[in-house]
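Pasting the structures in now, so scroll down.
Okay, so chain A shows up in both of these, paired with chain B first and chain C after.
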Partner chain A sequence: MKNLSKLDIQAPVKMPTGIEGFEHLSMGGLPQGRTTLLVGTSGSGKTIFAAEFLYRGIAQYGRPGVFVTLEEKPIEIMRNVKRLGWDLVDLIAKNQLVFVDGSPDPIPAEEVGRYNLEGLILQVRQAILQIKADLVVIDSIGSLFHQFSDTSKVRLEIFRITEVMRELGVTTLMTAERLDEYGHISRHGVEEFVSDNVIVMRNVLSEEKCRRTIQVLKMRGDVHSKGEYPFTISNTGITILPLSAMELTQESSNDRNGTGNPDLDLMTNGGIFRDSIFLVSGPTGGGKTLMSAMFAAEGCRTGEKVLLLAYEESREQLLRNASSWGINFSKWEQEGLLRIVCQYPEAMGLEDHLLVIRREIQAFKPRRLIMDSISAMERVASVRNFREFVIGLTSFMKQERVCSLFTSTTPQLSGGESVTETHISTITDVIALLRYVEINGILRRGIAVIKMRGSQHDKRIREFTIDGDGMHVGEPFQNVQNIILGVASVTPMRDSDRFEKMFE
Partner chain B sequence: MAADFKFTLIFFGENIPGGELKKPLERLVELAGKTCELELIDLSIQPEAAVQYHVLATPLLIRSNPLPIRRFIGHLTDSKRVARALGIDLDPAI
Partner chain C sequence: MTIRLTLYIAGNTPYADQAIANLRHLCETDVREEVHLEIVDVLEHPDRARDQKVLAIPTLIRELPKPMRRLIGDLSRTSKVLFELDLQIADPPGGQGGTGDSDNLPDGSDL
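Up next, the complex of A and B:
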């Protein structure tokens, strides 16, 4: 048994949970030796979180654990998490996990007098001592209120359980239900007497999309990230998506990457930095996919791995278009330098898209990444959700030091900006605009680099053409205004020019 | 001859001795003119019985005869309530 007074005086130490993203959110994990309350509406993912906490604690950190289930039968829980690849039966066999089955009996016991929950407390205590457990999960504590009618007694006994946990020095995670996503913390006010640490999980339906979030509501005497963070439940468990600007701590690189077009390299003063994010914005048919293909080709040519995420075109279309510019994607794919992932934006929620991208990056380890287009994602999510996606994505790119090119489709043929740009432009390092320019009834193409962090760049708007060899950047436009900002207009020649012409 | 009732009384002896706990039940059976077989399990001596009998609340009384098996929780001091719950007819004694 641990020294009580000493434990109480010490600042809480946090214990990593192994749940992806949670350490970041909680700034270290769950407070060791304390009880944390996890609340959420039904279906918000509490049991999965609790099970993952226990599973990873045992399997990754070698901390024995007790699972006290007051709702589902142990066999049901074991079956449910099996599809996530968590073999609880094996852990039980290894004496690292013990279930305490407090699920309701099919025929409920009849209450005939005063009682207490000594039997439950005894079972939990025994289980902890039996395997020298460090972790305890109780799912869900609120279920006791349904099994026993004496509410004030149940409250007292729950308090007593937390006392036992404290005395044994175990780190406890208790779940409790709540009725509303934004209302009382928990249904029976459990948080009032149970815990200094409260985590809230939500599953909110907004704009016909389910949005799961997790929030650390309080962590007494310690710091944590504020606010709701989106998370997703995939075949590996829970992944919480970091939204903060963790890239700010990343060191920057001075190496430059070629864009695949010598003219554009000149405009960007030698290519874009290796750890930067390059946004190419333009109207439909404006040359964005060509720029992506060139960027990919340049990577493959120099032996760098390239991940191409396509959200608007099928694989066949991509290969065909690339080959029309003399770029052979199939060959590089076979050599293992290129990986093309085509997906419909509608196929899943943004959290899941983000997770898929992260998994792809972790597995393939590309040096360059192309996302064509990021604005396609706009249509499957709310503005807020999209912004979170962009932040989560870019911070991950920075962290993994992947040189990325995002394309964004502008709604108008000339000028204007899209929602994508308003949300992404401050996060990107280089922005190139592709625009149509109408001069004397002919559509011409213009390109401008409007931003380049940490480097000089060509500030003029240049004309470019596209032919079978790709893209050719030419001379700056003369006498044309408003190319970027709106409808281009030709200004009259200056008097001096006119004067010169007269004598030609 | 088999007893009319068969009970198992599970309790936590550190809180209350079993002898004191079973008294009202025995008195009740006697009043009704019936016989009972009563097994006492003290969890402070046999803690493993808590898992075996799936005990959350104590005291717990299990009636295994007559069937079906029924479970009752709480002290047995309120004789009317207990009698009604257990299906013991007190009327002949009154």
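Up next, the complex of A and C:
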């Protein structure tokens, strides 16, 4: 019997993959020296994930790798990932990458007796030793079941392959096909042999949009995030958006940012905090875009960079509207202080929108960000999807310390709660409501700050007007009830008040 | 017509022995043509396994005549081997009928 102290009872060490967001999801990466099974339906992104794992492992972390391809030809893989800027040919030339080509031949081999897969195992072993590889990708292991008809033999050989990997101490990622997004783990029960660590990739059609998700199903003996995380494949590879795993540990700031309106600054007790998220909710035509423009203008005036994301209006409309309030966006754009990005919400999925926003922020490094409107995104996604988007977005803004203003359009003129507010209000730090108030047959505008984290604020509902100079906040409404919570109604003046008014 | 066969094995395993024995038997008794046989042990020549994408062991490749044919297994299904290799079959000794179609599978299973 072996000496107990010599047995490997160390918990597996996790090895970063370099895939954006995966370390967060897996809490550190893939278990080093172990085999991880990556399952997914056809087209779920397995090969890209595997290729990126290998490419980044080699290029970023200097770990030589072997790519065992049992489905696509090496040349096809090299060609496909070239679009993502991954030059595998170069890595091969530098002796850091070796392909083992096990792709099926056009003319299948005829089986005339008993056999094993020693040729494959030998080639893999040889390739690993040749470049002293740390990483191995096998894509896809399930393809062996299509190439060889002796299923029980193939299972045995897969088990032997994992044994070889273990013996050589390489970190292995094996992919396998599955038929249903939520059915058996893999098509041929591969997980029975490679069951310690399983990752699932999905490509689900939801609300007429493809939604890609990735989930760590298990990682034996170690912690990982549970649940499905959306990811997207862009021109830089895979980006996993670790949404609900966000950490609320951002440092807070005591610096205040002006809102661009002195009256509103007064209502918010001196402006909003630098790292906070400001939600402006109101019905259509209620003054939200004006507030965004003022907020942007204030940033530019004080020399801060402002990123304006518009989802409802075109550039020309934005510029025209702003100039009607005396705000010259074009000038600031030329000075490099303002960047306007106009996009239709329908142009892409929410994951991609989020990625675009993140990229914009990372490239432009704005101090202020305006999203007009965030509720426009509701219409392109399911509620759950939208919620993840909002959480992912806000956590990123906080991380990057961007003072953000989101607008949200309420479904009815009188206000009412929209999906956006349900999901976003707990995450935002400041909420201002813009509402129409009908008094004696006249529509008037009201504004209220209903929440402000970490600060005092004016709790009264004030009337405001909009003219060519912008927005003017006036006196609080008197004798009007239910402005925010329903249909406004005027309470009769008390006699004593009426008496006093007579002498004003 | 020249027939060139290459048999890939990985060490002296029972599969390899079986395949070699079956092939020898075929060539000696059933096949009329001259057969050039090369046996490659991939343990000694792993690069040759890579060049020919040999995954299964044993693998028999008919290099000539073209087109190339690829068989895997210990060649115990004799009639299928002959059929796939498309070989001229010799008259059985003693002039009895049949074309050497008796498979010598150890477990007795057939096509």
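In the analysis below, the second predicted complex is superposed on the first by the 487 of 504 C-alpha atoms of A that agree within 3 Å, B and C clash if a C-alpha of one lies under 4 Å from a C-alpha of the other, contacts with A are read in each partner's own complex, and residues count from 1 in each chain.
Basically, contacts are C-beta pairs under 8 Å (C-beta built on N, C-alpha and C of every residue); 3 or more make two chains touch, one makes a residue touch a chain.
All of these numbers come straight from a predicted model, not from anything done at the bench.
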With everything superposed onto chain A, say whether chain B and chain C fit together or clash.
clash
Mind working out whether A:D180 is in touch with chain B, chain C, both or neither, as first, second, both or neither?
neither
Between chain B and chain C, whom does A:D255 touch in the aligned arrangement: first, second, both, or neither?
neither
For A:Q126, select first, second, both or neither according to whether it touches chain B, chain C, the two together, or no partner.
both
Go through the superposed model and pick first if A:D101 touches only chain B, second if only chain C, both, or neither.
both
After lining up the shared chain so the two structures overlap, which partner does A:D467 touch, if you call chain B first and chain C second: first, second, both or neither?
neither
After superposition on chain A, the chain A residues reached by both chain B and chain C are 100-102, 105, 107, 109-120, 122-123, 126, 147-148
Going by the contact rule at the top, pick out the chain B residues touching chain A in the complex.
10, 12, 15, 43, 47-48, 50-51, 54-61, 68, 70-78, 81-82, 85
Help me check something: in the complex, which residues belonging to chain A touch chain C?
100-103, 105, 107, 109-120, 122-123, 126, 147-148
Along chain C, where are the residues that touch chain A in the complex?
8, 10, 13, 15, 18-19, 22, 42-43, 46, 49-50, 53-60, 67-77, 80-81, 84, 105
Touch list for chain A against partner chain B, complex:
100-102, 105, 107, 109-120, 122-123, 126, 147-148
